[in-house]
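Listed next: structures, encoded as structure tokens.
Next, two complexes with chain A in common: one pairs it with chain B, the other with chain C.
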Partner chain A sequence: MFKNLLLRDLRLAYYSSSNFIYIGSFFILVTILIPFVINTETEGLKSVFQGLIWVGLALALLLALDRIFSSDFDDGNLDIILRMKVSYEKIYLSKLLSVWITYCLPIVIIVPLISTAFNLTINETIFVTINLFCGSFGMAATAIGINALLMGLKRMIYLKSIIVIPLYIPFMIFGVEQGSWPVLSALSMIAVVVASFATSYGLRLYGE
Partner chain B sequence: MDYLLAENLSCIRGSNTVFKNLSFKVSRGQILHITGANGSGKTSLLRMIAGFIYPSEGKIIPEKNYTHKDVHFVGQKYALKKNLSVEKNLSLWSYLYQKKINTDQILSDLDLTQYKDNDVEVLSDGQKRRLSIARLFIHSAPIWLLDEVHVHLDSEWQVKLNHYIYNYINEGGIVLISSNTKIELNSNIDINLTNYNV
Partner chain C sequence: MISKIRPAIIEKADGYIPLLLSFTIITFFVGLYFSLIESPADYIQGDSMRIMYIHVPSAWFSLMIYTLIALSSVFWFILRNPLLSLAGRSLAPIGAMFTFLALITGSIWGKPTWGTWWAWDARLTSMLILFFLYLAYILLWHSISNKDNASKIAAALGIIGFINIPIIKFSVDWWNTLHQPATISKLSTPSIDVSMLIPLLIMTLAFGLFLVSLFIIRIRILSLELRINRKMIY
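Showing the complex of A and B:
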């Protein structure tokens, strides 16, 4: 059941415009555009890039906000999903994996590939990628939890963004620090656990 | 499942009591037709039986957590992704129902073969409705819960849908169907929910 749900979400992401290529291209464009408008030296560029990665990830997840649960809620597919013999927690876990694979994995893959263009050393690239890997799960979980609670609000992506962005601040603060992956992992674990309760509660409320 | 029994069901939404003290029993091979004015609780009743809403009072027997193996709920929403083709929508359903779908056969039965590669967005409401009832044939379940499924269908397809329903109850299925307008369906039990409104 869990596998089917995950495969279905990945297939849906592939069919829709939110596939790897679109997310990857979006992220590359965001990171390439900023140095054009910010006049900065090599060292400055390096630190701007490390911050940009997190802004790019946050923007990619904000794009997903109106798709996680909301689209299935609007068109009636959520009725079918909730009648599958699968617990709310497994529905959440499948969403977490599908959102991470669709929106975060392309960025985790692209960052090491383009980091040399921003003069990051191999060591710095490894640290940045590990940070991103550890923090992205928490950010994806946060997006899912908020969306599950607010899925009934149609076309309210701005409200959802206003709620989600402040929750991303801790990830961004620690994300730009080298070697802060243990803190990011802890933040992610907290977010994943809290979001699982929020998602279960949101899905339970759905019928009402 | 030999029967579905509702005992003294009440439905309260917010501060509004939608219906109260509703009881019925539907056995295998029977159709329960639910009618009533707008807001009388037809959809709420079907969603309650499907397990989306908990009864405010009373109970539904058998008491269990209904899944796809027990009920087919076809609501007013089509459960279709409008930006995807008809074929891709069927393929997404195949994951949710965990069944391999013979797309060509289903589309041929529903007279939608020529729209296989078209986005759902370009279909008429009647065609979308036909596609949404395709779910009933993906796998078998002992109960069909059909919420205003005749809406948007032309008279020819209303008759065809009724035949599908008759075939299903002849095989021992239970059907609960709601409608706001007159449908030519020979039901065994009729409930007008307006009589149970408070």
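Showing the complex of A and C:
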């Protein structure tokens, strides 16, 4: 059942506008904005790129806030899933994996490919990618938890962003430090656990 | 769920509002007299440090109110008493106001002493994020029209936000010490003299009385609003 849920979400994402091609192009275009707003000769290019990776990831997840549980809630699929006697934790876990694969994995793959264009050495690229890998799970989990609580609110993406962005700040702060992946993994674990409670609470609220 | 509200407590507290308000005004005047006239000026900062008597109590209460919101959310999950969710809902704008006051007075104080209105210092940044957490909580209440549902969701959000505050505080401290360690030494309060401590305590008492009277007025208005809506629906 877990596998079916996961495959269903991934297939839906693949055949809709959250395909990896869309996410990847969105992310590359966000990073392409840097050379236009900053002098490319200076050393600042590198640090701005390292910061903007996280902003791009956050933007990709924030734009997904209106559809993570909401699309299933709107077309009634969520009722059927809740009736299938699957535990809420399994639904949450399949959602976490599918959201991570859809929105975070393309970015984790693209960052090492384009980082040479922004003067990053190989060592720095490895650090940045590991940081991104460790932190993105927590950011995806946060988005899922808040969205499960607020899935009844349609077209309220700004409200959801105002709630989610303060929760992203710790990830941002530790994400731009080199070699802080242990802290990021700890933050991700906290977020994954707390979001599992929030998600099952939200599902129970709307399942009633 | 709404019918479980016992307005007797609120009605009883309502009688004390004139007394509380007059106490608040008297304490404010006494505190302002002590802090503006009686207490000595700082020998480095001069008269500009007198803004501390507004700044410090509002910063203390802004942190305390968020703790109270989180506590009321936790107890809402245990007791399911709608008064608790009303308490959180009526406390949030007061807390946002105190946070805003602390930020504004802090930046007015910062201009003559540090030479800048704003620094990306650990304490300032975490207070700014606290302000936005308050704002998110208020906007959540605002945007859900079914207040029964809103109380369920807002309780969860109050607890999540409270987990986030120590993480932000810790991470911002860490981020700051790596990047700009110089400004903190100016922020740390000097060991305070008794002649300055007494007006500070009086002002804190005045702010606390102000908070309690505002809280009672707001929770009464909100409970009346709930009862009116109930009569309109059923």
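What we mean here is this: the second predicted complex is superposed on the first by the 204 of 208 C-alpha atoms of A that agree within 3 Å, B and C clash if a C-alpha of one lies under 4 Å from a C-alpha of the other, contacts with A are read in each partner's own complex, and residues count from 1 in each chain.
Here is the rule we go by: contacts are C-beta pairs under 8 Å (C-beta built on N, C-alpha and C of every residue); 3 or more make two chains touch, one makes a residue touch a chain.
In this text, all values refer to a predicted model and were calculated from it rather than measured experimentally.
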| item | value |
| --- | --- |
| Which of chain B and chain C A:149 touches, first, second, both or neither | second |
| Contacts of A:120 with chain B and chain C, given as first, second, both or neither | neither |
| First (chain B), second (chain C), both or neither touched by A:45 | neither |
| Touched partner set for A:169, first chain B, second chain C, both or neither | second |
| First, second, both or neither for A:83, with chain B first and chain C second | first |
| Chain B versus chain C as contact partner of A:58, first or second or both or neither | neither |
| First (chain B), second (chain C), both or neither touched by A:71 | first |
| First, second, both or neither for A:5, with chain B first and chain C second | first |
| Complex interface listing, chain B residues touching chain A | 13, 47, 50-54, 66-69, 71, 73, 75-84, 88, 91-93, 95-98, 135 |
| Chain A to chain B touching residues, read off their complex | 1, 4-5, 7-8, 11-12, 15-16, 71, 74-77, 79-85, 206-208 |
| Residues of chain C touching chain A in the complex | 129, 132-133, 135-136, 139-140, 143-144, 149, 152-153, 156-157, 160-161, 163-164, 167-168, 171-172, 174-175, 178 |
| Footprint of chain C on chain A - complex, ascending | 145, 149-150, 152-153, 156, 159, 162-163, 165-167, 169-170, 173-174, 177, 187, 190, 194, 198, 201-202, 205 |
